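Order of writing sets the chain letters: A, B, C, D and E. Residues in each chain are counted from 1.
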């Protein structure tokens, strides 16, 4: 069953058609790579999927619910969650609070509970702390729990951003260049982490990345776009050998 | 040409650079590799006087750089492509490139250099009148490099130029770096992509938590086991 | 500090900010009087000290200043608040604390109401406003007046209201034109006044505003007589040419030959480098009146001072002799002045009446 | 027996217990000082003013410090609260004899009306960002002040409204303030507070993890204005006299300055800076015309040398002092030891 | 109708002064994103300078020289303020800088009160004021001159910012200071230059304000300063044309409200309109709505 279903998606910026008739289905617990040259429209597709931009044409369905026209925060509630090409953490909040903000909608107590510190408040907060701890454990961040996010090294910030996205309990995770700025060793670790979360959290993942080792190494299926249009689809191996892809993207 | 001796930099109480020494000879490509937070960016910023060092000396063509104000460093031939691109988001691509030649007055030569940049990066010519803030990440990186070239630098400091670029462009960028170098510009290159960087450079230094732990000819480092393990995954 | 060798008088007024002009005048007038009194031997053989605090024209600041005067400085009597608003905010406290108050300049009727120990040296708004209206109707034959007043200033509004009430009583026509304390541009109002064909403009406001209005009226070629209140005092200093021929009601005339007036004007000008205005004169008189009441009382006991103030007949005042009615309002004569060639000419004198 | 002792020790060292104890101690000390006349009425009045400014600044801190929006019209909400409370207070006085009840009833009215105003302004205003929002709130504040002046049949206009029962005692003011600060503190430490903080940090990211940013911005705005309404009520009952000018742009700026000077997002910062900025001008009275020259210089100098404000975003925590003292003592001990060797 | 046109002329006059002040405001805001609350005080000092030069010297300075000298003094004052109070805070949160701006504004007001006292100085017009008759309407020369100057400066500055090198440097600095340094731009100088231009224009506005309304006093800059800033926001802050448009709009709305409704509703109407405009055009009439790209 498709978690994400995109049909004939297009967006126009003035004279530029940044995404042009884009179609995609992502199945449950599938890991799909989205690659393409710089400026091909990958990030723009993410922005369309998450409600940051309104498509000029086309439809997007998450679990059979249309998301077009919904605000980003509501789309999160429908089960998608993302990271950003330029890391966007809550820099002056602790690592723990970064996760707990994302866990917000899954907590259930109202303002009065927080002012009177009711039992419900305590139980829910304790549960949130527990969840945060579990997530941080997975990402090896537990020791930084009380650090401010801005004080983490870059690689850890990337991981925290993924952890935060997971805390919303998504069915599909959209990762925008998670390995950017990492050295090969760190990238390798990241690959392992991505595989792990896919299995442990049972999510689908759509991933943008320029690091071919990562993309080819873990993606089950790859979609290649150029100038907003799909130029190839298929298994990593086939993509690696596709002439068009080599010409537009991989190089000799 | 560029010589860094006993450099120390502090951010408040954080001692980010702890006594770094290295040298860049004229005509060379020198690579600085090291993991995240090792202090690579900090060193480049110290060279272009964007941040104050707490001790040590940096000389360029035998003159101490600390006698220059930050904006004057560019004028004596040091161009810096900063990490994170730092294009002017509200200016068009063309205006960004023109800013690169800000202190120059030779209109004709500027025109020619502009043409050269467009030849090197056709995408920039396509997007000439788009405001830089809406460019894609890779496009912005091209713009940042193109803009620095408009300076006609003697030495080019590049901070992770391949970050976020498509594979074909990464190759392209490293080719361009070599080309720029061959046309007479010395290059100090900071990279995560150690493999490629070491292949095109002459000398290299490995930086770990603010200190240089290894140095040598790039070819040798490529075969160094430690480097292989840490920075060049098989 | 409770230094018992001095008589301490508090002054509260806007010493900084946009209204500082008025507070500073009051402070200066009061301090000049104190200086002269000390030179002549003080009050009850003690030196007089005037302690002036800033209210910024704000009632909260005024209350703070009052509390400080009462608790820190332990004043014997209060000269002020300068503005009605601040004075009203302080009044209840002063009644409760039984501190004798003689405000030189707060003209709002409520200031002295139900407050045995609160007096004032100036006329009330209504007295001045209706006198001006009577003058306009009887002497200048005005049948259709423009009333231009500052709605943010209780003084200005109070005079305007009284003026209009008198016109209503006589079934004469008028139109009100309000402006705000922070306005500098009166051209829109003046243009309307010009095209409305009025016989005269009643402009109860202080010099700074009056000067600006008259200058702009002049620039626009508005050719109607203006009438004002005691806030006009001092208009001749900077605006003689644009105010020439206009009238205002006042406490006294600077050209008055009386020695007390001439000495005051001369001493003030020497001390502060500028001519005094009505506020300065009133503050000067208030300090003298208070001094005399204290001498009469023979003690600094608040009840004695209040009693002495009630019985006071202070004749040697710059702004006309002062005698208080049952409320604590002065029964004073009123002078109507015409500005002629930069001088005050007494146009008419209206004898004191018990309101 | 032993168990009971440890239990007692635990309660005594419980941070909450310590904080409560300290608040009560402060109150009792002040109360004693007042009862014994060691604090004269001048200071007494200033203390109440400090408490009012604490309410105003901590409430503004919700919108400015925690939410991160520039708000230059907070005095407007204060004005709405003050006039509402004053009018209610005058009307209800014959029916309610107890001061506390009268204040409670009027302050509730003030809070509700100010909150409604917050909702009315907030809804459209939150479509704007940064300085534009600041200007819009400034405009709102000025509109409120003008309305108060112009609706003179209710407010007595520029003449000012007098005859308001003067019922604001130190005790009422103190406990009202403690209550409000506590509520704000607890609120900020809940999931709702975190959501608001995250909007300040990064609006886009906040939305991307499912925070309904419009709703939370509005909530912050409305809460800030509700508490400002209570602050206004305290103010109305303090001097018994209200004039529209007390709620002008400069007052908004004054509150805003307190928040920034104390540290945006720090409640204890707001408290400290309320104390400083209420007393400072009073102590400068002796300098007369130099008073505001000095005052403004102090502002500039503090900002130049502590741009993050006196407290930054940190909270002053009594319980942490103990830890700090312990480390201090141990380091001193160590030094001494070293010295001996 | 005749009355209406005369009121329109009144409005244009006020508006052109707001426009002059607003242009300076918008430039300073554009470069360091700081609401320079002290701009109104620079306006006030500019007027005092002109007064001193015109009326206290033993010889007569020509009008143009008085203006140019006062503008220069104000420019120096503006640069000084930036160096003393704002420069150190460039990396700090913008709101901190806002507080120093507020502090600076208070400081200058009270400094002026200390130096010049609180009694207003009377400023006589420095030029011949006989009205010019156009289509049967007498228009004060001062009005014509102010309108002309505001348009002239708008055109000059627009050209300067868009087409000249220093102008482009200004835009670069406003967008990314660090990158600007790397281009060889002396950021300090560019910022100083902006303050100098903005302050000089503020002073010009102050002088015309004082001549039109005849008075100079320490707090005279507060309200026109605020109005000018609102004008800049109205038109779209950062946009020079917008500042001018906003200035004229506010001037005309104010005058028309005073003339046809009541002066007591002026602020309510001006601010109300401001709010309405911001709701439909969140970045002002001519402002560009730039959304952050993620």
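Here, a residue touches a chain if its C-beta (ideal position, glycine included) is under 8 Å from a C-beta of that chain, and two chains touch if they have at least 3 such contacts.
This structure is a prediction, so every number in the text was calculated from the model and none was measured.
> Centre-to-centre on C-alpha atoms, which chain is most distant from subunit E?
The most distant chain relative to subunit E turns out to be A.
> Let me check something: if the centre of a chain is the mean of its CA atoms, which chain is farthest from subunit B?
Checked the centroid distances; the maximum from subunit B is C.
> Using mean CA coordinates as chain centres, what's the subunit A-subunit B distance in Å?
About 31 Å separates the centre of subunit A from that of subunit B.
> Taking each chain's centre as its mean C-alpha position, how far apart are subunit D and subunit E in Å?
Centre separation, subunit D to subunit E: 34 Å.
> Just curious, how far off is subunit D from subunit A if you go by their C-alpha centres, in Å?
41
> On subunit D, where are the residues touching two or more other chains?
Residues 149, 204, 289, 291-292.
> Would you pick out the residues of subunit C that each touch at least 2 other chains?
16, 151
> At least two other chains touched by the same residue of subunit E: list those residues.
Where subunit E meets two or more other chains at a single residue, that happens at 109-110, 113, 264, 267, 294.
> Would you mind writing out the residues of subunit E in touch with subunit B in their complex?
These residues of subunit E touch subunit B: 165, 168-169, 171-172, 174-176, 178-187, 290, 293.
> For the complex, give me every residue of subunit B touching subunit E.
48, 50, 69-72, 74-75, 79-80, 82, 86-91, 95, 98-100, 102-103, 133-134, 147-148, 151
> Provide the residue numbers of subunit D that touch subunit A in the complex, in ascending order.
183, 186-187, 189-195, 197-198, 201-202, 204-213, 313
> Please name which positions on subunit A make contact with subunit D in the complex.
My answer: residues 50, 52, 71-74, 76-77, 81-82, 84, 88-93, 97, 100-105, 107, 109, 111, 113-115, 117, 121, 124-125, 128, 164-165, 167-168.
> Going by the contact rule at the top, pick out the subunit D residues touching subunit E in the complex.
Checking each residue of subunit D against subunit E gives 64, 70, 124-125, 127-129, 131-132, 134-136, 138-140, 142-143, 146-147, 149-150, 204, 249, 253, 256-257, 260-261, 264, 289-293, 295-297, 299-300, 303-304, 307-309.
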